[in-house]
Amino acid sequence: MKRVELIDVSKSYDKQVDVISNINVTIEPGEFFVLVGPSGCGKSTMLRMIAGLEEITGGTLKIGEKVANNLSPDKRDLSMVFQNYALYPHLSVQQNITFGLDVKRMKKEEQRKKAVEVAEMLGLTEYLDRKPRELSGGQRQRVALARAIVSETPICLMDEPLSNLDAKLRAHMRSEIRRIQRNLGITMIYVTHDQVEAMTMGDRIMILHEGKIQQIGKPIDIYNYPANPFVATFIGSPPMNLAKAEFDPKTSELVIGNALRLSVPKDEIGKLPRTSMTVGVRPENLHPATPENQEDVFHVEVTNVEILGNETVFSFKLGEEEWMAKWSGQWHIDIGDRMPVRMEFEALSIFDEQSGELIKKTIDYGNYVKQQEVSP
Amino acid sequence: MGLASKIWIYFLLIVTSAFVFFPVLYAFMISFMTGPEIIQGKFFPESISFENYTKVFSRLPLLNYLLNSFIVSVSVMLGQLVVCSLAAYAFVFFKFKGRDFIFFLFISTMMIPWEATMIPNVFTIRKLDWFNTYQGLTLPFFALAFGTFLLRQHFLTIPKELHEASQIAGLSRFRFFWRVVLPVSKTSLVTLGAYGFLTTWNMYLWPLLITTNKSVRTVQIGLKQLQSQEIATEWGVVMAGVIVVIIPTLLLLFIGQKQLQKGLSQGALK
Amino acid sequence: TNSDSKETEKPATDNTSSESEGTKEEGTAPGEKVTIEFWHAMSGTGQESIDAIVKGFNESQDKYEVKAEFQGSYEESLTKLRGVGGTKDAPAITQVFEVGTKYMIDSGYIEPMQKFIDEDNYDLSQLEGNILNYYRVDGDLYSMPFNSSTPVMIYNKDAFKAAGLDPEKAPETFSEVIDAAAKLKTDEMYGFSMLTYGWFFEQLVATQGGLYVNEDNGRSGDATEALFNGPEGLNVFRFLDTMNKAGTFGNFGTNWDDIRSAFATGKVAMYMDSSAGVAGAIKNAPFEVGVAYIPHADEVQRNGVVIGGASLWMSKGIAEEEQKAAWEFMKYLTTPEVQAKWHLDTGYFAINPAAYEEQNVKDKWAEFPQFKVTVDQLQDTIPGLATQGALISVFPESRQQIVTALEELYQGKDPQEVLDKAAEGTNRAMEIANKTKK
Amino acid sequence: MTRISTMWRKSVDGRTAALYLLPSIILFSIFVFYPMFRTIYLSFFLTDQTGNAAIMVGIENFQYLLGSSEFQNSMKATGLFVLYTVPITIVLALFFALLANEKLKGIGFFRTMYSSTMGISVAASSVIWLFMFNPSIGMFNRLLSVFNFPQIQWLLDPEWALLSVSISTIWMNIGFSFLILLGGLQNIDEHLYESSRIDGAGYFYRLRRITLPMLSPTLFFIITISLINAFQTFGQIDILTKGGPSQSTNLIVYSIYREAFINYQFGTASAQAVILFLIILVVTILQFKLGERKVHYQ
Amino acid sequence: MKRVELIDVSKSYDKQVDVISNINVTIEPGEFFVLVGPSGCGKSTMLRMIAGLEEITGGTLKIGEKVANNLSPDKRDLSMVFQNYALYPHLSVQQNITFGLDVKRMKKEEQRKKAVEVAEMLGLTEYLDRKPRELSGGQRQRVALARAIVSETPICLMDEPLSNLDAKLRAHMRSEIRRIQRNLGITMIYVTHDQVEAMTMGDRIMILHEGKIQQIGKPIDIYNYPANPFVATFIGSPPMNLAKAEFDPKTSELVIGNALRLSVPKDEIGKLPRTSMTVGVRPENLHPATPENQEDVFHVEVTNVEILGNETVFSFKLGEEEWMAKWSGQWHIDIGDRMPVRMEFEALSIFDEQSGELIKKTIDYGNYVKQQEVSP
């Protein structure tokens, strides 16, 4: 259990542009901290700086209470799952797993026990004697994961550790990693591209974009109240639909993408900016219109449909934007169909057009089983 | 691979390797010939006669020489492996001021003709009172720029992820060297080992200059003892000597080859 | 080991101390054997013979033990001697080739042989005078001759017959050789050949009475100028040049074995070889072999040959007892029996002519009368400055110059020009040597 | 104070590295650098017969050498020798290594054959070649006569001698170069070949675009080493030609050997050694400057 | 456009157990064929066999109409994205991309044009001159992808080509790949672990398990009618809930996991086996009970909750099994809460207990916009 603190940290390769700039964040002891961001935004670089593999160009890194900028990696007492595994080609799976333990001079017998245990957990039991090159991609990744897990260091860094695993195994691993992290009180910094991992595993998420922090917060808060359009479209899949909008004071309506008019409740009018703004709505908040509820319904022409099994996503044009709606269940929709879609003003997120700042949050969409009627 | 190209490759393999190996075969044949047969320039001996071999063994304490050669070669081989791998490791995995300069200094030692340094070295060995000792025969060769260079080139190809992973695992510098760098560089180590062994085995002038009696003499001196200057050389005996001297090294190459093969199939990085 | 220097300065008479320190491992307690080292450069059959002789000596008495150790070629063993010369690590006896004589005398590593001869009243006259001459400087014998040889001309009697020449009478003068060579020349066979080696040139000059360098061939002072590019030397080069241009001369390079195999396979009919090579030539040739004196220029009298080979040197700075042992061993070497064995084993001369009276030698000579020719040639030699041989310290280098000159001659260059160039190189070498001499 | 301590901390790499380099440095100092400095020192002197400096002559030795046609000839021979041997050895060795890199049955046998020459000492192989070059009983001339070609004086004709020595040298060096190159080839990641084969790259295209670039560190190494070794060739000259005929094979190292061991001219021998050292130094620096740029490390 | 046909293909490494056995499948020209299966089941091996990189131990592989077992890879005219990228470390990104074109002796100018085009599409434009080692993981993967895309071969093999990309980019790439594949009529064989990719991209999916084919079919069919419990749990995330069940003829009820009783409609009774069986129900078919609809409702105790943003997944114990329910929207549920859950018999899939065969399909859950009322 150790705190990791980054103060004004930045990094550039070869003195060129910063790939990471002015990162300020404190990761609390025992926290599960998830790092997400588009490919190439600097996630791995940040992990590698924390691990001491990459020099820190500017700023201060503290591990525990100590400044660690110049501490060598082996003194930092952490473990890491590398994005490209970094397995030792000359060692068997078991030796790869126990490599770190051996370094710590743990007894051979105990090493073996631990290796067998973690291999069991990761479904590697039958591969313990193989060399890495005789393994499938996913198996290799699991070996890398096993190596980090057995080491039981107070800090653990994982760089997309589950990317090559199938959904089932991944679900299993998610809960296992979370369990171990909780039980041992490990401070975990976890990079992922998987929305489910990001939403379910982390105590907090940090969203990075071009080396800059976009937002840090609880997963659900980020989902509900994204700080800016970037976060809004990055978290959630399919992403939040965005469009330019203007308030028409004459009709008290919001004109979205020059195509859609939505009446604004009286008490909200004051909060809207007079100039144009960016509005966003999550695909799942574009509901199918029911015969009972014909308010705020508009019809759209479907341009693409994807049935994911338990839900259906279809796209349509709104002004110049391509929007998507996600309905649960399997809907037999064809391209070209005109669909009635209902959207509520409450579900909108509104961002300042210039700064991108969130002006209006969606209302809390939580379904409280106890407090209110159960309803979809 | 198609059958046609396979046949083509086998053809090339057989023809070229026959060419390469021919001189050895030739020497082998001659070693079984009698004087007149040799003079007549035959290729196959009329009858296999071991006379030349018995002569070689009776003339020289050849087994003793072979044993000395073996001890000296193995010591130099091991010494070189240790000293060179340490140095190469420092050149690849440490960053320090003047690294390139020191490396070049090392390389420059290869450019100094050995013949030019030999005489002062003989004096040094005498001052150290190392005449007729194994250390006199071996120690000067432990540091080898060539070996350092070879290993450095190989160490440079080790993916840096392995170094990183080891650092994270808390491996000290030395243990990374020992546990990771050396095992994954097996091929180069075997190559260098073979090189060190063979060159030492084949050394002539140095062992001659710093030994004055049979006690630690090596087999190449024996080979020279078979040739005479003013009196007619018995080619058959000389070739028999050549064969006796090269058989251990060829054997070693063969075994080394197997080792190398094994190392290679396991070692392929990434 | 830091007592080395002291040790060498100490008078060798200080018996006890030099004994205990002088002979390291085998410390000579009274009654124990004195062990000495004998460095030689004999490989092949020569080494076999030496080992046998040394064994014979060790068994013949119980006071001394000689250890014969091969030290590489003459050059190599000399290099090594430089490392230990004048110290207690030096071997008691070293074998050094004839051209190293001057070097050894100047080096200060050695004790002249004459000292022991005088002390022991050893009778030198029993040894072959023409051999001793070479190693005698200002009347003192510096080293004990050991393996001595002279050049001879060897020829193919069968080829002589085929060419209509008398196989029993070899050509004697340059022009006779040139004529014979022309007759012997066939598509397969050259008439004459000579190893590209300075020694043969020296011999061909000496037999005409020509000197190699000034200062009486270097024997009355340090030589400063080469004389071999004089008329005698030129004669030799013209002789070779004539045959070479006529295509009757075969060039088989600098390697003894190459020229010998050329002879044995009938590629050349006459060639110059060392007397030590006669036995091999006879053995390997599938035809009859004749041996003759080396040729001389038509207009001069034959003077004879200069001795070649090597001699044994006694080290300075070692314990007196060891020197004594070495001397005893050398005396043993000169006995007729040992010399007879040596002669038969290797083909080198016996330095003690009494050896030729031994039965086994007689038997051999009866079988191979050719051997006798070599001895006759030596004994027929007229003693003089020319046949005593030159004495210069840079001999090896000079020989190299001659080799180059010969090679260039064979490429068609002018004889005088190449000779002068060689002389010039020799002069420079002598100049430096004289300048740097202490 | 803190600055000193950070500097101390930052230099920790250097200090540890020194530890690893120590054995090499000590041995080099004693057995290479010290004699080298002695050599340089001697090169400014005329020496007496025992090899001690006697008369200081400054750069006279060098002047003499550079003016002497013999030495110029030596340099020329050395240059030619390097030119004949290095490229051919490497090309042949590479060719063999490529052949032997195929995954075929019994390939181990062929690899041993190819590398066999490495196991044979220069002395032993020179003896064998000496025999093969023998004008009367050697293999080559007998073959020529079988096919009724004119006989060649392999080692005796100044036109041929250097070539003959080069041929035997190529043979002697090929085993070692082969082994090194094979090792380099086998270290290339198999995936790269897979990927390129899918792209439809033919054998030679792969060779040019993948094999050679990926092999470049090894090639660089072997070229450097071969160059240095070629400049220092000695053993085969000593046995095969002794520098002749007409000095045509009198390579610099042999000439040094002769000066020192036969003529006892340590001054000029040292001067030659210094010049040789400088030549190799320049060549190697060029090689590093030009070569290492083209080398792709991982 | 080429057909790829595998007839009785099997593969073993080092003569050991088969990692692939008796694969029979025909991939039609121009088809987008998706291969899924747990990690280590042999997907990469199969691709590598098709590519000719791995020897085929048994059976016949036909490409086009020709038997291709011994055809060398360069003769097969296909492209491949490797699971571990296999980029050329010594070539720049651009050279890596155009390598295949260069092989085909395309003009340099045209090569450059193509490279720039595809780099644009994959967001690699600014990295064209870098070496692979200076790229992030996702960037490397995109280079590998670009290489396959530019080659425009009739057959393309992709081994988890998007695993290291973020959701947004991945969505973009999905549609791009699909578009290119359609436009050029490429026969695509695509390995993925991503459920969304599997469901949306493929014309057909093949599910592999321990080297054996489990099911081949349209994505939606596989989702709705999994051939056996393995497929049922493998496709769909969270997986289908399974439990042992027995029919109680007395009450005409199905006893599920010894805990739950569900009445069986009359006309279905005949179809049920008398012995025990395995029943499965998808988490999204466990609906929240509404006050109006109290039929087939049972109450469960929540053991775990995960809020994914637009949906909530909670687990509960059913007999010995851990079941999951997925409700759309964010539900504020706490561990320990008792939730009313409604399950319909129609939604059940029933498998034979021994053979695992599907006995009863779920009824078609499609929501037809035109034919029926729009309803959740």
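Here the chain labels run A, B, C, D and E in written order, and each chain numbers its own residues starting at 1.
Methods note: a contact is a pair of C-beta atoms (placed from the backbone, for glycine too) under 8 Å apart; a residue touches a chain by one contact, two chains touch by 3 or more.
Keep in mind the model is a prediction, meaning the values are calculated, not measured.
Think of each touching pair as a link: the shortest run of links from subunit C to subunit D has 1 of them. Path length between subunit A and subunit C in the touching-chain graph (shortest route): 2. One simple way to say how far apart two chains are is to compare their mean CA positions; for subunit A and subunit E this gives 21 Å. Centre-to-centre separation of subunit B and subunit E, using mean CA positions: 57 Å.
Subunit C and subunit E have Cα centroids separated by 94 Å. Centre-to-centre separation of subunit B and subunit C, using mean CA positions: 38 Å. In subunit C, the residues that reach two or more other chains under the touch definition are 76, 79, 82, 257, 261, 264-265. Multi-chain contact residues of subunit A (touching two or more other chains) are listed as 84. In subunit B, the residues that touch at least two other chains are 1, 39-41, 119, 159, 224, 227, 235, 267-270.
The residues of subunit D lying in touch with subunit B in their complex are 11, 13-14, 16-18, 20-21, 23-28, 30-36, 38-39, 51, 95-96, 99-100, 102, 104, 107-108, 110-125, 127-129, 131-132, 136-139, 142, 171, 174-176, 179-180, 183, 186-187, 189-191, 217-218, 220-221, 224-225, 228, 231-232, 234-235, 252-253, 256-257, 260, 266, 269-270, 273, 276-277, 280-281, 284, 288, 297-298.
Note for the complex: subunit D touches subunit E at residues 189, 191-192, 194-202, 205, 209-210, 213-214, 216, 296, 298.
Subunit A meets subunit B in the complex at residues 48, 51-53, 72-74, 77-80, 82, 84-91, 99-100, 103-104, 131, 133, 147, 151.
Considering their complex, residues 35-36, 39-41, 59, 119, 122-123, 126-127, 129, 131, 205, 208-209, 212-214, 221, 224-235 of subunit B touch subunit C.
Of all residues in subunit B, those touching subunit A in their complex are 159, 161-162, 164-172, 175, 179-180, 183-184, 186, 266-270.
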